[in-house]
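Below you'll find the structures, each written out as structure tokens.
Shared between the two complexes below is chain A, which pairs with chain B and chain C, respectively.
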Partner chain A sequence: MNPAQDFAIKIIGERINPGFKSTRALFDNQDLAGIQALAIKQAEAGARYQNVNIGAQALTDPQWMARVIEAIQEVVTTPLSFDFPSKAVQEICLSCYDPAKANGELPIVNSITEHRWDLMELYGRFKFKVIMMASERVENGKALGNKTAEQIYSTARRAALRLKNDYGMPLDDIFIDMSVSAIIADTEGLNRSTVEAIQAIGADPELKGVHMMGGLSNIGQQLPPKAADGSDLKHCLENAFLTLTVPHGFDYVLGTPWRGYAPLPEDHHVLKTYRNFLEQSGSNALRAVRKFYKA
Partner chain B sequence: MPSKRDLDLLHVVAKAPPPVRLSSVRDRMRGEALDLMRVEKLADAAYSYRIVELDTPVTETLRLTGEILHAPWLLPASGQLTALACAVCTVGPRLEARVSELFGQKRASLALALDGLGNELLFAASRQVQDRVLADVRRRKLTMCGELRPGDPGLGLDAHAAVLRLAQADAIAVSLRGGHTLMPLKSASIVMGVGIDLPAASWSRCDHCPSRAKCRIVERAEAETAL
Partner chain C sequence: MSDTNQQEQQLIEWLADMNEDEAFALAKKMLLEEGIDPLRVMDLCRRAMDIVGKRFEEGEYFLPELVLAGEMLENISAIAKPLIKQAPGEAPKKLGKVLIGTVHGDLHDIGKNIVSFMLDINGFEVKDIGVDAPVQTFIDEINAWQPDVVGLSGFLTLAFDSMKETIAAFDQAGMRAKFKVMIGGGQIDEQVRNYTGADAFGVNAVEAVKLCKNWMGAAA
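Right, the complex of A and B next:
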């Protein structure tokens, strides 16, 4: 249950989220003990933080959300990450959170974007770390999706320095969410952009200290379970992504703590195929995807 | 002594996919059985548990409040075993009575579907009581390691009576019939090690099960864990 991560990465446990079938039942039944048990399992499996997402109920029943946070803190000392886009909800979460029960560690607000910056109005009244999504930027007052490495990198840089300079937030408290998209339909080179943006952020001396993170579960979506060499395709793809990005500073995964990640050797089929895929665009990218599972 | 009756587990089971893939006929029968359970209120799930301190010194023969359990597997490789959590859960007597009745009426398919649902309910009750024990243990700043049930390798069936007494099974009307059978039949008892800095168990009660390699429940649980 506690696989050592072979990468220099830490895990933000993602299981307290009704998006997981088994967790949804706990929320549907308001099963606090079940949620506590899940938090304990994630902590015991080495989660550095635990992400808390209670879905739409957060808006309709803030009291329930407060009970969830208090219940989790009753049984684990892992600091929490609050996964809600609403300022009102974040305010309740931060009010409920007791740093003393997490060995003095700050919670994480998950997440802000350049377009959704209002959550930072809570900074000062509350101390917290923040996850900043680099996948969108604001231009002429409009939110636009980032597609190129340059756009992702510039957004991340601008936001991180704004947090540092305008709010006095230590770079160590900033987590840049590098969205990792599914390769199955990635004809626009989004994976390549993400990998290159990670390299650029990691190489920027002014950003030294920021963390880079992301969820990896999208990357292998809708692919067959086995790669052409018989390996677990989804898991190997996640490891391939990490093999390429951890050396450049990608250091947190929003994931399942007991999943276990390890670098792939250079000659591993999935890593070689992923490298090839990253060089392709358009229909060539789709053809490259087939090579993961077709001999 | 924490105990709880009237656990509302039916909708948990109803929402969850069946533990194994069912043919369309069996799936339909499961749906009928669910309806029957709802209409006739056949589920009466309950649990009871206690965390009981061990007498010292702790040896392979564990002594606690006058009871003796021979459970050497629960002795940890490190840390300090200080207590046992003993739990019992049940889905109540009405379900099995109805299953018998259906067999008597020669409605075997529905009877089997209802019996299968009873197993699912018992799994859900078992998981719920274990979650509660784990949370309770952690609130006491203790850790938990190892799970055995009487009859498993590592804990004889003759331990059943002591485990039920320790879990105060009478609070939820679970008792032992001759031959170590629990009444109601759809009941289960559990023993878990509790203590200070206990390591994760390196064994599972399923390790020696002859069906493990082809067990579809284990296979599905592992697949879900990997997601």
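Right, the complex of A and C next:
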């Protein structure tokens, strides 16, 4: 039973990442058996993909990274997603990935942006799916951060159609990373822009088939564990975001497969507060954030 | 606090308890109607900020309180500053100069902006050179401005390499010993600090302020 089934979403398992304290110990001790056990746990919990993030070790010890990938593929058939924005690192990952061990499924390169398009030079020599970050664009040769829904949407559209038309990549192989940012410091309406961009992408007939995904662990970063009504604040915030975006086509979460996501009822404190927060900007947004945890 | 009267104590409490409207109205009354020494009012604000910082570290407060309290302080000082009688030509003394920027390849600015803001309200002179800052821009700005501390910000794992490269370039330019380097943002920890060659790292804006105060020999 996949605990994520309460929503029409699939999970890219995020746990193989030294950013998690428990995983960090596995990496520090080069505990391959422990990493394999973690991969099995994610697979059993229904992960559709497993993201592999080695942290800074990808640069200092690429051979170790290759051993990690091979070890994971020895024990699970879940296809993998490689999380490092460097062509040299991706090349090593793609070389040691064996599609045959994943029922022929392609891996995912996580991630490209308009600014880091060089990873696409690997396409052809390797076959892969791709996570494309819609949070930045290139304008007159310069990389700029996207802040508005229109900027995020047009970057996503431009990049997805470029992948389709110039590389022959099926839209079904494209995952647009919608960058769900921490609400705690969101005075610029970034959450609002992301939600509106998802609506726009979902409504664009030419983009039918692309996936929209994102990590949700940022959204509740640095917030207290409990909401004012006693509910688990971070988890409820993630569910609040999904409640608003899954109906518009947000269909993949880079997350913990056993976390379990479920829609919130309309009158839930966290959903109501999130809706209110989405309408605020500047320091009023911070005051709206305080309402999540201040009675 | 025995050296404060009831009204002063009230201001500190309202500020520290995030009663924004009441605190601002009281400070304004003290400054504009009662003619209380603006330096005294600013000192009360600083005491309140210390309480807010402490509550933040103890997990009672979170980033919104930190930033909103900082805004209250800014709003009050905007009224207080013009009232401060300054000897001609005497600039207000700053604790030190901090140059900050997001390293090249990374466009994230939220954490950097909060750190800049917190350093500023804590008495540092801050120069923010923006996001995706090339190594040469850091070097040029440092040469021109001579900061005491250089803060490198980055959210992506990719930023670790840019930080390492930037700090190595400080070495090559023979300027590394002239200032301290702190890094922050994203998944930065001791391993990353070691990898990049920075002097220290911080996981939030309060830590960044503490690092700078320690380096400048000011009481944290």
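In this text, the second predicted complex is superposed on the first by the 292 of 295 C-alpha atoms of A that agree within 3 Å, B and C clash if a C-alpha of one lies under 4 Å from a C-alpha of the other, contacts with A are read in each partner's own complex, and residues count from 1 in each chain.
The rule is simple: contacts are C-beta pairs under 8 Å (C-beta built on N, C-alpha and C of every residue); 3 or more make two chains touch, one makes a residue touch a chain.
Note that the coordinates shown come from a computational prediction; the quantities given were computed from them, not determined experimentally.
K.L.:
Report clash or fit for the pair chain B and chain C bound to chain A in the combined superposed model.
P.N.:
Once both complexes are aligned on chain A, chain B and chain C fit side by side.
K.L.:
Once the shared chain is lined up, is A:S86 touching chain B (first), chain C (second), both, or neither of them?
P.N.:
Only chain C; A:S86 stays clear of chain B.
K.L.:
On chain A, which partner's contacts cover more residues, chain B's or chain C's?
P.N.:
Of the two chains, more chain A residues are contacted by C.
K.L.:
Angle at chain A, chain B to chain C, CA centres, as a multiple of 10°?
P.N.:
For this superposed arrangement the angle is about 90 degrees.
K.L.:
Quick check for you: in the superposed arrangement, does A:E238 touch first (chain B), second (chain C), both or neither?
P.N.:
Neither partner.
K.L.:
Per the contact definition in the header, classify A:Q36: touching chain B only (first), chain C only (second), both, or neither.
P.N.:
first
K.L.:
Just to be sure I read the superposition right, which of the two partners does A:A185 touch: chain B = first, chain C = second, or both, or neither?
P.N.:
A:A185 sits against chain C, while chain B stays out of touch.
K.L.:
If you stack the two complexes on chain A, which partner ends up touching A:V76: first (chain B), second (chain C), both, or neither?
P.N.:
first
K.L.:
Just checking: does A:L144 make contact with chain B only, chain C only, both, or neither of them? Give me first, second, both or neither.
P.N.:
In the superposition, A:L144 touches chain C alone.
K.L.:
Check the superposed model and tell me the shortest C-alpha distance between chain B and chain C, rounded to whole Å.
P.N.:
12
K.L.:
Would you please give the residues of chain A that touch chain B in one complex and also touch chain C in the other complex?
P.N.:
Common to the two interfaces on chain A: nothing.
K.L.:
Help me check something: in the complex, which residues belonging to chain C touch chain A?
P.N.:
18, 59, 62-65, 67-68, 71, 105, 107-111, 114, 131-132, 156-158, 160-161, 187, 191-192, 195, 204
K.L.:
Sort out for me which residues of chain B touch chain A in the complex.
P.N.:
8, 11-12, 15-16, 127-128, 130-132, 134-135, 138-139, 200, 224-227
K.L.:
If you look only at chain A, which of its residues touch chain B in the complex?
P.N.:
1-2, 20-22, 24-25, 28-29, 31, 33-34, 36-37, 40, 44, 74-76, 217, 235, 256, 258-259
K.L.:
In the complex formed with chain C, which residues of chain A make contact?
P.N.:
For this pair, the touching residues of chain A are 18-19, 53, 55-56, 58-60, 83-86, 116, 135-136, 143-145, 181-182, 184-186, 222-224, 283, 286-287, 289-290, 293.
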